[in-house]
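Once you've had a glance at the structure underneath, I'll fire off some questions.
When the chains are written out, they are named A, B, C and D in that same order, and each has its own residue count from 1.
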(Lines give C-alpha, C1' and ligand atoms only; values in the text may rest on other atoms or scores of the structure.)
Protein backbone atom coordinates (compact mmCIF):
# COMPACT_ATOMS: atom_id res chain seq x y z
CA UNK A 1 0.00 0.00 0.00
CA UNK A 2 1.38 3.41 -0.96
CA UNK A 3 0.95 6.23 1.53
CA UNK A 4 1.67 9.93 1.40
CA UNK A 5 1.31 11.99 4.55
CA UNK A 6 1.64 15.76 4.72
CA UNK A 7 1.43 17.97 7.81
CA UNK A 8 1.90 21.54 6.74
CA UNK A 9 0.68 25.09 7.34
CA UNK A 10 0.11 25.55 3.61
CA UNK A 11 -3.46 25.77 2.29
CA UNK A 12 -4.74 22.45 0.96
CA UNK A 13 -5.03 22.66 -2.83
CA UNK A 14 -7.62 20.01 -3.61
CA UNK A 15 -7.53 20.63 -7.36
CA UNK A 16 -3.77 20.09 -7.43
CA UNK A 17 -4.14 16.96 -5.31
CA UNK A 18 -6.77 15.61 -7.71
CA UNK A 19 -4.48 16.31 -10.68
CA UNK A 20 -1.53 14.59 -9.01
CA UNK A 21 -3.44 11.37 -8.56
CA UNK A 22 -2.02 8.29 -10.21
CA UNK A 23 -3.77 4.95 -9.84
CA UNK A 24 -3.25 1.56 -11.44
CA UNK A 25 -5.60 -0.01 -14.00
CA UNK A 26 -7.15 -2.37 -11.48
CA UNK A 27 -8.51 0.41 -9.27
CA UNK A 28 -12.15 1.40 -9.56
CA UNK A 29 -12.90 3.50 -6.49
CA UNK A 30 -11.53 6.76 -5.13
CA UNK A 31 -13.06 8.14 -1.95
CA UNK A 32 -11.97 11.54 -0.71
CA UNK A 33 -12.94 13.41 2.41
CA UNK A 34 -12.38 17.08 3.11
CA UNK A 35 -12.85 18.34 6.62
CA UNK A 36 -13.68 22.03 6.46
CA UNK A 37 -13.52 24.59 9.27
CA UNK A 38 -17.06 25.60 10.21
CA UNK A 39 -18.07 29.13 11.15
CA UNK A 40 -19.32 28.14 14.58
CA UNK A 41 -17.57 26.18 17.31
CA UNK A 42 -19.29 25.47 20.64
CA UNK A 43 -22.03 28.05 20.01
CA UNK A 44 -19.55 30.83 19.17
CA UNK A 45 -18.96 32.43 15.80
CA UNK A 46 -15.31 31.99 14.85
CA UNK A 47 -13.05 33.21 12.08
CA UNK A 48 -10.54 30.38 12.05
CA UNK A 49 -9.07 27.49 13.98
CA UNK A 50 -5.45 27.34 15.09
CA UNK A 51 -4.29 23.72 14.77
CA UNK A 52 -1.43 22.63 16.99
CA UNK A 53 0.30 19.40 16.05
CA UNK A 54 2.86 17.21 17.81
CA UNK A 55 4.26 16.50 14.37
CA UNK A 56 6.58 13.56 15.02
CA UNK A 57 4.04 11.69 17.10
CA UNK A 58 1.22 12.56 14.70
CA UNK A 59 3.23 11.05 11.84
CA UNK A 60 4.00 7.97 13.93
CA UNK A 61 0.33 7.49 14.83
CA UNK A 62 -0.85 8.00 11.26
CA UNK A 63 1.66 5.37 10.13
CA UNK A 64 0.31 2.92 12.72
CA UNK A 65 -3.23 3.53 11.48
CA UNK A 66 -2.12 3.08 7.85
CA UNK A 67 -0.54 -0.26 8.77
CA UNK A 68 -3.74 -1.42 10.45
CA UNK A 69 -5.74 -0.43 7.38
CA UNK A 70 -3.35 -2.26 5.08
CA UNK A 71 -3.82 -5.44 7.13
CA UNK A 72 -7.59 -5.16 7.04
CA UNK A 73 -8.56 -3.93 3.58
CA UNK A 74 -7.11 -4.25 0.06
CA UNK A 75 -6.23 -0.60 -0.45
CA UNK A 76 -3.84 0.60 -3.16
CA UNK A 77 -3.02 4.00 -1.74
CA UNK A 78 -3.81 6.58 0.90
CA UNK A 79 -2.93 10.25 0.71
CA UNK A 80 -3.57 12.42 3.74
CA UNK A 81 -2.96 16.12 4.27
CA UNK A 82 -3.58 17.84 7.59
CA UNK A 83 -3.07 21.56 7.69
CA UNK A 84 -1.52 23.06 10.82
CA UNK A 85 -1.55 26.58 12.22
CA UNK A 86 -4.37 28.95 11.42
CA UNK A 87 -7.03 27.62 9.03
CA UNK A 88 -9.79 30.11 8.12
CA UNK A 89 -13.46 29.20 8.16
CA UNK A 90 -14.61 27.56 4.91
CA UNK A 91 -11.15 26.15 4.14
CA UNK A 92 -10.22 22.48 4.56
CA UNK A 93 -8.02 21.46 7.47
CA UNK A 94 -8.00 17.80 6.45
CA UNK A 95 -7.98 16.03 3.10
CA UNK A 96 -7.93 12.25 2.76
CA UNK A 97 -7.98 10.11 -0.36
CA UNK A 98 -8.33 6.32 -0.39
CA UNK A 99 -7.94 4.34 -3.62
CA UNK A 100 -9.12 0.74 -3.92
CA UNK A 101 -10.47 -1.71 -6.47
CA UNK A 102 -13.99 -1.50 -5.08
CA UNK A 103 -15.95 1.15 -3.29
CA UNK A 104 -16.97 -0.76 -0.14
CA UNK A 105 -13.40 -1.06 1.10
CA UNK A 106 -12.53 2.48 0.02
CA UNK A 107 -15.43 3.92 2.04
CA UNK A 108 -14.77 1.68 5.04
CA UNK A 109 -11.05 2.39 5.16
CA UNK A 110 -11.56 6.13 4.74
CA UNK A 111 -14.02 6.31 7.60
CA UNK A 112 -11.88 4.08 9.81
CA UNK A 113 -8.89 6.32 9.15
CA UNK A 114 -10.77 9.43 10.21
CA UNK A 115 -12.27 7.71 13.27
CA UNK A 116 -8.85 6.54 14.41
CA UNK A 117 -7.27 9.91 13.71
CA UNK A 118 -9.80 11.56 15.98
CA UNK A 119 -8.93 9.11 18.76
CA UNK A 120 -5.18 8.93 18.47
CA UNK A 121 -3.40 11.53 16.38
CA UNK A 122 -2.04 14.35 18.56
CA UNK A 123 -3.47 17.43 16.91
CA UNK A 124 -5.51 20.00 18.80
CA UNK A 125 -7.59 22.98 17.82
CA UNK A 126 -8.02 26.40 19.29
CA UNK A 127 -10.94 28.38 17.85
CA UNK A 128 -10.12 32.00 17.03
CA UNK A 129 -12.98 34.34 17.82
CA UNK A 130 -11.46 37.76 17.14
CA UNK B 1 -30.72 20.95 -0.70
CA UNK B 2 -28.90 22.11 -3.82
CA UNK B 3 -28.31 19.55 -6.54
CA UNK B 4 -26.39 19.60 -9.78
CA UNK B 5 -26.65 16.64 -12.13
CA UNK B 6 -24.64 16.22 -15.30
CA UNK B 7 -24.87 13.39 -17.84
CA UNK B 8 -22.37 14.05 -20.57
CA UNK B 9 -19.85 12.36 -22.85
CA UNK B 10 -17.18 14.88 -21.78
CA UNK B 11 -14.29 13.69 -19.62
CA UNK B 12 -14.84 14.38 -15.92
CA UNK B 13 -12.47 17.14 -14.79
CA UNK B 14 -12.17 16.53 -11.06
CA UNK B 15 -9.79 19.42 -10.49
CA UNK B 16 -12.24 21.85 -12.11
CA UNK B 17 -15.11 20.37 -10.09
CA UNK B 18 -13.11 20.81 -6.89
CA UNK B 19 -12.35 24.43 -7.80
CA UNK B 20 -16.01 25.16 -8.57
CA UNK B 21 -17.13 24.05 -5.12
CA UNK B 22 -18.91 26.62 -3.02
CA UNK B 23 -20.16 25.70 0.44
CA UNK B 24 -21.66 27.71 3.27
CA UNK B 25 -19.88 28.49 6.53
CA UNK B 26 -21.80 25.87 8.49
CA UNK B 27 -20.54 22.97 6.41
CA UNK B 28 -17.69 20.83 7.71
CA UNK B 29 -17.66 17.69 5.57
CA UNK B 30 -17.20 17.05 1.87
CA UNK B 31 -17.23 13.44 0.69
CA UNK B 32 -16.47 12.70 -2.93
CA UNK B 33 -16.48 9.42 -4.78
CA UNK B 34 -14.95 8.74 -8.17
CA UNK B 35 -15.84 5.53 -9.95
CA UNK B 36 -13.03 4.71 -12.32
CA UNK B 37 -13.10 2.24 -15.25
CA UNK B 38 -10.98 -0.79 -14.39
CA UNK B 39 -8.78 -2.60 -16.88
CA UNK B 40 -10.57 -5.90 -16.42
CA UNK B 41 -14.27 -6.67 -16.67
CA UNK B 42 -15.59 -10.24 -16.17
CA UNK B 43 -12.10 -11.77 -16.48
CA UNK B 44 -11.34 -9.98 -19.76
CA UNK B 45 -8.84 -7.20 -20.33
CA UNK B 46 -10.65 -4.18 -21.71
CA UNK B 47 -9.68 -0.79 -23.08
CA UNK B 48 -12.81 1.13 -22.24
CA UNK B 49 -16.49 0.90 -21.38
CA UNK B 50 -19.25 2.28 -23.56
CA UNK B 51 -21.94 3.70 -21.28
CA UNK B 52 -25.48 3.87 -22.66
CA UNK B 53 -27.91 6.09 -20.79
CA UNK B 54 -31.68 6.58 -21.03
CA UNK B 55 -31.00 10.21 -20.21
CA UNK B 56 -34.46 11.51 -19.36
CA UNK B 57 -35.31 8.58 -17.14
CA UNK B 58 -31.84 8.60 -15.55
CA UNK B 59 -32.34 12.26 -14.60
CA UNK B 60 -35.80 11.51 -13.25
CA UNK B 61 -34.50 8.61 -11.14
CA UNK B 62 -31.55 10.62 -9.82
CA UNK B 63 -33.97 13.38 -8.81
CA UNK B 64 -36.12 10.87 -6.93
CA UNK B 65 -33.04 9.58 -5.09
CA UNK B 66 -31.95 13.14 -4.26
CA UNK B 67 -35.39 13.83 -2.80
CA UNK B 68 -35.21 10.71 -0.63
CA UNK B 69 -31.77 11.76 0.61
CA UNK B 70 -33.00 15.26 1.41
CA UNK B 71 -35.78 13.79 3.55
CA UNK B 72 -33.41 11.51 5.43
CA UNK B 73 -30.19 13.47 6.02
CA UNK B 74 -29.31 17.15 6.53
CA UNK B 75 -27.29 17.59 3.34
CA UNK B 76 -26.44 21.01 1.90
CA UNK B 77 -25.62 19.95 -1.65
CA UNK B 78 -25.03 17.07 -4.01
CA UNK B 79 -23.18 17.29 -7.29
CA UNK B 80 -23.16 14.24 -9.54
CA UNK B 81 -21.55 13.72 -12.93
CA UNK B 82 -21.98 10.52 -14.93
CA UNK B 83 -20.05 10.26 -18.14
CA UNK B 84 -21.75 8.58 -21.10
CA UNK B 85 -20.35 7.01 -24.25
CA UNK B 86 -16.86 5.58 -24.31
CA UNK B 87 -14.84 5.99 -21.11
CA UNK B 88 -11.24 4.70 -21.27
CA UNK B 89 -9.72 2.55 -18.55
CA UNK B 90 -8.29 4.60 -15.68
CA UNK B 91 -10.70 7.50 -16.24
CA UNK B 92 -13.69 8.21 -14.02
CA UNK B 93 -17.18 7.41 -15.30
CA UNK B 94 -18.84 8.71 -12.14
CA UNK B 95 -18.09 11.57 -9.78
CA UNK B 96 -20.23 12.36 -6.74
CA UNK B 97 -19.82 15.05 -4.10
CA UNK B 98 -21.90 15.36 -0.94
CA UNK B 99 -21.56 18.37 1.35
CA UNK B 100 -22.91 18.35 4.90
CA UNK B 101 -22.25 19.86 8.30
CA UNK B 102 -20.87 16.59 9.66
CA UNK B 103 -19.12 13.65 8.15
CA UNK B 104 -21.43 10.82 9.25
CA UNK B 105 -24.33 12.05 7.16
CA UNK B 106 -22.08 12.98 4.25
CA UNK B 107 -20.65 9.44 4.10
CA UNK B 108 -24.04 7.78 4.60
CA UNK B 109 -25.80 9.88 1.97
CA UNK B 110 -22.98 9.41 -0.55
CA UNK B 111 -23.04 5.64 -0.19
CA UNK B 112 -26.84 5.52 -0.28
CA UNK B 113 -26.83 7.57 -3.46
CA UNK B 114 -24.44 5.17 -5.20
CA UNK B 115 -26.32 2.10 -3.93
CA UNK B 116 -29.61 3.45 -5.23
CA UNK B 117 -28.07 4.53 -8.53
CA UNK B 118 -26.87 0.98 -9.10
CA UNK B 119 -30.39 -0.33 -8.51
CA UNK B 120 -32.49 2.23 -10.33
CA UNK B 121 -30.77 4.60 -12.72
CA UNK B 122 -31.03 3.36 -16.32
CA UNK B 123 -27.43 3.36 -17.46
CA UNK B 124 -25.74 0.29 -18.92
CA UNK B 125 -22.20 -0.60 -19.81
CA UNK B 126 -20.67 -2.45 -22.69
CA UNK B 127 -16.99 -3.37 -22.20
CA UNK B 128 -14.80 -2.70 -25.23
CA UNK B 129 -12.17 -5.37 -25.72
CA UNK B 130 -10.53 -4.41 -29.05
CA UNK C 1 -70.01 -7.93 -33.18
CA UNK C 2 -67.68 -4.99 -32.64
CA UNK C 3 -63.96 -5.57 -32.09
CA UNK C 4 -62.68 -4.44 -28.70
CA UNK C 5 -61.14 -0.96 -28.64
CA UNK C 6 -57.35 -0.90 -28.93
CA UNK C 7 -54.60 1.38 -27.66
CA UNK C 8 -51.35 2.24 -29.44
CA UNK C 9 -48.14 1.91 -27.47
CA UNK C 10 -44.48 2.55 -28.16
CA UNK C 11 -42.07 0.00 -26.73
CA UNK C 12 -38.41 1.01 -26.38
CA UNK C 13 -35.56 -1.45 -25.87
CA UNK C 14 -32.35 -0.53 -24.08
CA UNK C 15 -28.89 -2.03 -23.73
CA UNK C 16 -28.56 -5.55 -25.17
CA UNK C 17 -32.34 -5.82 -25.50
CA UNK C 18 -31.96 -3.58 -28.56
CA UNK C 19 -29.37 -6.00 -29.98
CA UNK C 20 -31.57 -9.01 -29.27
CA UNK C 21 -34.67 -7.49 -30.86
CA UNK C 22 -32.78 -5.75 -33.65
CA UNK C 23 -34.60 -2.49 -32.96
CA UNK C 24 -34.55 0.40 -30.51
CA UNK C 25 -38.30 0.86 -30.54
CA UNK C 26 -41.45 -0.65 -31.97
CA UNK C 27 -45.15 0.25 -32.12
CA UNK C 28 -47.55 -2.25 -30.61
CA UNK C 29 -51.34 -2.31 -30.39
CA UNK C 30 -52.98 -3.83 -27.36
CA UNK C 31 -56.51 -4.16 -26.08
CA UNK C 32 -57.73 -1.22 -24.07
CA UNK C 33 -57.27 -1.92 -20.37
CA UNK C 34 -54.15 -4.02 -20.93
CA UNK C 35 -51.67 -4.09 -18.12
CA UNK C 36 -47.93 -3.69 -18.37
CA UNK C 37 -47.56 -7.41 -17.62
CA UNK C 38 -49.86 -8.31 -20.51
CA UNK C 39 -47.90 -6.05 -22.83
CA UNK C 40 -44.68 -7.73 -21.65
CA UNK C 41 -46.25 -11.10 -22.65
CA UNK C 42 -47.07 -9.75 -26.11
CA UNK C 43 -43.54 -8.44 -26.55
CA UNK C 44 -42.00 -11.74 -25.44
CA UNK C 45 -44.11 -13.58 -28.04
CA UNK C 46 -42.91 -11.22 -30.74
CA UNK C 47 -39.25 -11.37 -29.58
CA UNK C 48 -38.75 -14.82 -28.02
CA UNK C 49 -35.19 -14.03 -26.89
CA UNK C 50 -36.61 -11.44 -24.50
CA UNK C 51 -38.63 -14.19 -22.83
CA UNK C 52 -35.38 -15.74 -21.57
CA UNK C 53 -34.61 -12.53 -19.63
CA UNK C 54 -38.21 -12.10 -18.54
CA UNK C 55 -37.64 -12.38 -14.78
CA UNK C 56 -34.80 -9.88 -14.69
CA UNK C 57 -36.41 -7.38 -17.05
CA UNK C 58 -37.07 -3.89 -15.68
CA UNK C 59 -40.08 -2.01 -17.00
CA UNK C 60 -40.89 1.67 -17.09
CA UNK C 61 -43.77 3.70 -18.44
CA UNK C 62 -42.54 7.13 -19.38
CA UNK C 63 -39.75 7.89 -16.89
CA UNK C 64 -41.05 5.83 -13.95
CA UNK C 65 -40.78 2.19 -13.03
CA UNK C 66 -44.12 0.39 -12.97
CA UNK C 67 -45.36 -3.01 -11.85
CA UNK C 68 -46.96 -5.69 -14.01
CA UNK C 69 -50.47 -4.63 -12.92
CA UNK C 70 -50.05 -1.04 -14.12
CA UNK C 71 -52.89 -0.28 -16.57
CA UNK C 72 -51.63 1.21 -19.82
CA UNK C 73 -53.15 4.17 -21.66
CA UNK C 74 -53.19 5.01 -25.34
CA UNK C 75 -49.90 6.61 -26.36
CA UNK C 76 -47.85 5.30 -23.43
CA UNK C 77 -44.13 4.90 -23.97
CA UNK C 78 -42.98 1.67 -22.39
CA UNK C 79 -39.30 0.88 -21.84
CA UNK C 80 -37.93 -2.61 -21.31
CA UNK C 81 -34.37 -3.15 -20.19
CA UNK C 82 -31.98 -5.44 -18.34
CA UNK C 83 -30.64 -4.63 -14.84
CA UNK C 84 -28.97 -1.25 -14.76
CA UNK C 85 -25.21 -0.83 -14.39
CA UNK C 86 -24.45 2.81 -13.69
CA UNK C 87 -21.28 3.90 -11.97
CA UNK D 1 22.27 5.47 54.00
CA UNK D 2 22.51 6.04 50.24
CA UNK D 3 19.77 7.96 48.47
CA UNK D 4 17.88 5.93 45.86
CA UNK D 5 19.12 6.37 42.29
CA UNK D 6 17.15 8.86 40.21
CA UNK D 7 16.31 9.22 36.51
CA UNK D 8 15.97 12.45 34.59
CA UNK D 9 12.88 12.91 32.47
CA UNK D 10 11.56 15.57 30.16
CA UNK D 11 7.84 16.26 30.38
CA UNK D 12 6.18 18.07 27.47
CA UNK D 13 2.78 19.71 27.67
CA UNK D 14 0.54 20.13 24.63
CA UNK D 15 -2.54 22.17 23.78
CA UNK D 16 -4.10 23.96 26.76
CA UNK D 17 -1.93 21.98 29.16
CA UNK D 18 0.89 24.30 28.13
CA UNK D 19 -1.30 27.31 29.01
CA UNK D 20 -2.27 25.81 32.35
CA UNK D 21 1.30 24.97 33.35
CA UNK D 22 2.79 28.07 31.79
CA UNK D 23 5.45 25.99 30.05
CA UNK D 24 5.87 23.73 27.05
CA UNK D 25 8.28 21.41 28.77
CA UNK D 26 9.93 20.83 32.10
CA UNK D 27 12.67 18.58 33.48
CA UNK D 28 11.68 16.26 36.32
CA UNK D 29 13.68 13.82 38.40
CA UNK D 30 12.02 10.64 39.57
CA UNK D 31 13.13 7.54 41.40
CA UNK D 32 14.54 4.85 39.19
CA UNK D 33 11.83 2.31 38.40
CA UNK D 34 9.08 4.91 38.46
CA UNK D 35 6.07 4.23 36.30
CA UNK D 36 4.34 6.65 33.99
CA UNK D 37 1.43 6.76 36.46
CA UNK D 38 3.78 7.75 39.30
CA UNK D 39 5.30 10.46 37.15
CA UNK D 40 1.81 11.71 36.34
CA UNK D 41 1.18 11.99 40.10
CA UNK D 42 4.35 14.03 40.55
CA UNK D 43 3.40 16.35 37.71
CA UNK D 44 -0.12 16.84 39.09
CA UNK D 45 1.37 17.82 42.45
CA UNK D 46 3.60 20.35 40.76
CA UNK D 47 0.80 21.70 38.52
CA UNK D 48 -2.46 21.24 40.47
CA UNK D 49 -4.61 22.42 37.54
CA UNK D 50 -3.52 19.34 35.59
CA UNK D 51 -4.97 17.16 38.34
CA UNK D 52 -8.45 18.36 37.36
CA UNK D 53 -7.98 16.88 33.88
CA UNK D 54 -6.26 13.79 35.21
CA UNK D 55 -8.81 11.22 33.98
CA UNK D 56 -8.94 12.54 30.44
CA UNK D 57 -5.19 13.07 30.10
CA UNK D 58 -3.43 11.15 27.33
CA UNK D 59 0.17 10.10 27.92
CA UNK D 60 2.94 9.18 25.54
CA UNK D 61 6.56 8.23 25.97
CA UNK D 62 8.48 9.25 22.90
CA UNK D 63 6.00 8.89 20.03
CA UNK D 64 3.87 6.07 21.47
CA UNK D 65 0.98 6.02 23.88
CA UNK D 66 1.73 4.17 27.12
CA UNK D 67 -0.26 2.99 30.11
CA UNK D 68 0.18 4.07 33.71
CA UNK D 69 2.23 0.96 34.51
CA UNK D 70 4.85 1.66 31.84
CA UNK D 71 8.27 1.77 33.54
CA UNK D 72 10.25 4.88 32.66
CA UNK D 73 13.94 5.00 31.76
CA UNK D 74 16.48 7.74 32.22
CA UNK D 75 16.15 10.33 29.46
CA UNK D 76 12.58 9.45 28.48
CA UNK D 77 10.51 12.19 26.89
CA UNK D 78 7.02 12.09 28.30
CA UNK D 79 4.14 13.99 26.72
CA UNK D 80 0.92 14.86 28.51
CA UNK D 81 -2.04 16.22 26.62
CA UNK D 82 -5.83 16.52 26.53
CA UNK D 83 -8.00 14.50 24.13
CA UNK D 84 -6.91 15.00 20.53
CA UNK D 85 -9.00 16.96 18.02
CA UNK D 86 -7.56 16.37 14.59
CA UNK D 87 -9.64 16.83 11.47
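One rule holds in what follows: contacts are C-beta pairs under 8 Å (C-beta built on N, C-alpha and C of every residue); 3 or more make two chains touch, one makes a residue touch a chain.
This one's a predicted model, so the numbers in the text were calculated from it and none came from an experiment.
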Check: What are the chains that chain A and chain D both touch?
Finding: none
Next item on the list: Would you kindly say which chain has the C-alpha centre located farthest from the C-alpha centre of chain A?
Entry: C
Notebook entry, point to check: Distance-wise, how many Å sit between the C-alpha centres of chain A and chain C, to the nearest whole number?
Noted result: 49
Margin query: Nearest whole angstrom, what separates the Cα centre of chain B from the Cα centre of chain C?
Written below: 29
Next item on the list: State, to the nearest whole Å, the distance from the C-alpha centre of chain A to the C-alpha centre of chain B.
Entry: 22
Check: Tell me, which residues of chain C touch at least two other chains?
Finding: none
Next item on the list: Give the residues of chain A that touch two or more other chains, as numbers and ranges in rising order.
Entry: 35, 114
Next item on the list: Identify every two-chain combination in which the chains touch.
Entry: A-B, A-D, B-C
Notebook entry, point to check: Which of the residues in chain A end up touching chain B in this complex?
Noted result: 14-16, 18-19, 23, 25-40, 89-90, 92, 101, 103, 106-107, 110-111, 114
Checklist line | In the complex with chain C, residue positions of chain B that touch it | finding: 35, 51-54, 56-58, 60-61, 82, 93-94, 114, 117-126
Item checked: List of chain C residues in touch with chain B within their complex -> 12, 14-16, 58, 60, 63-65, 79, 81-82, 84-87
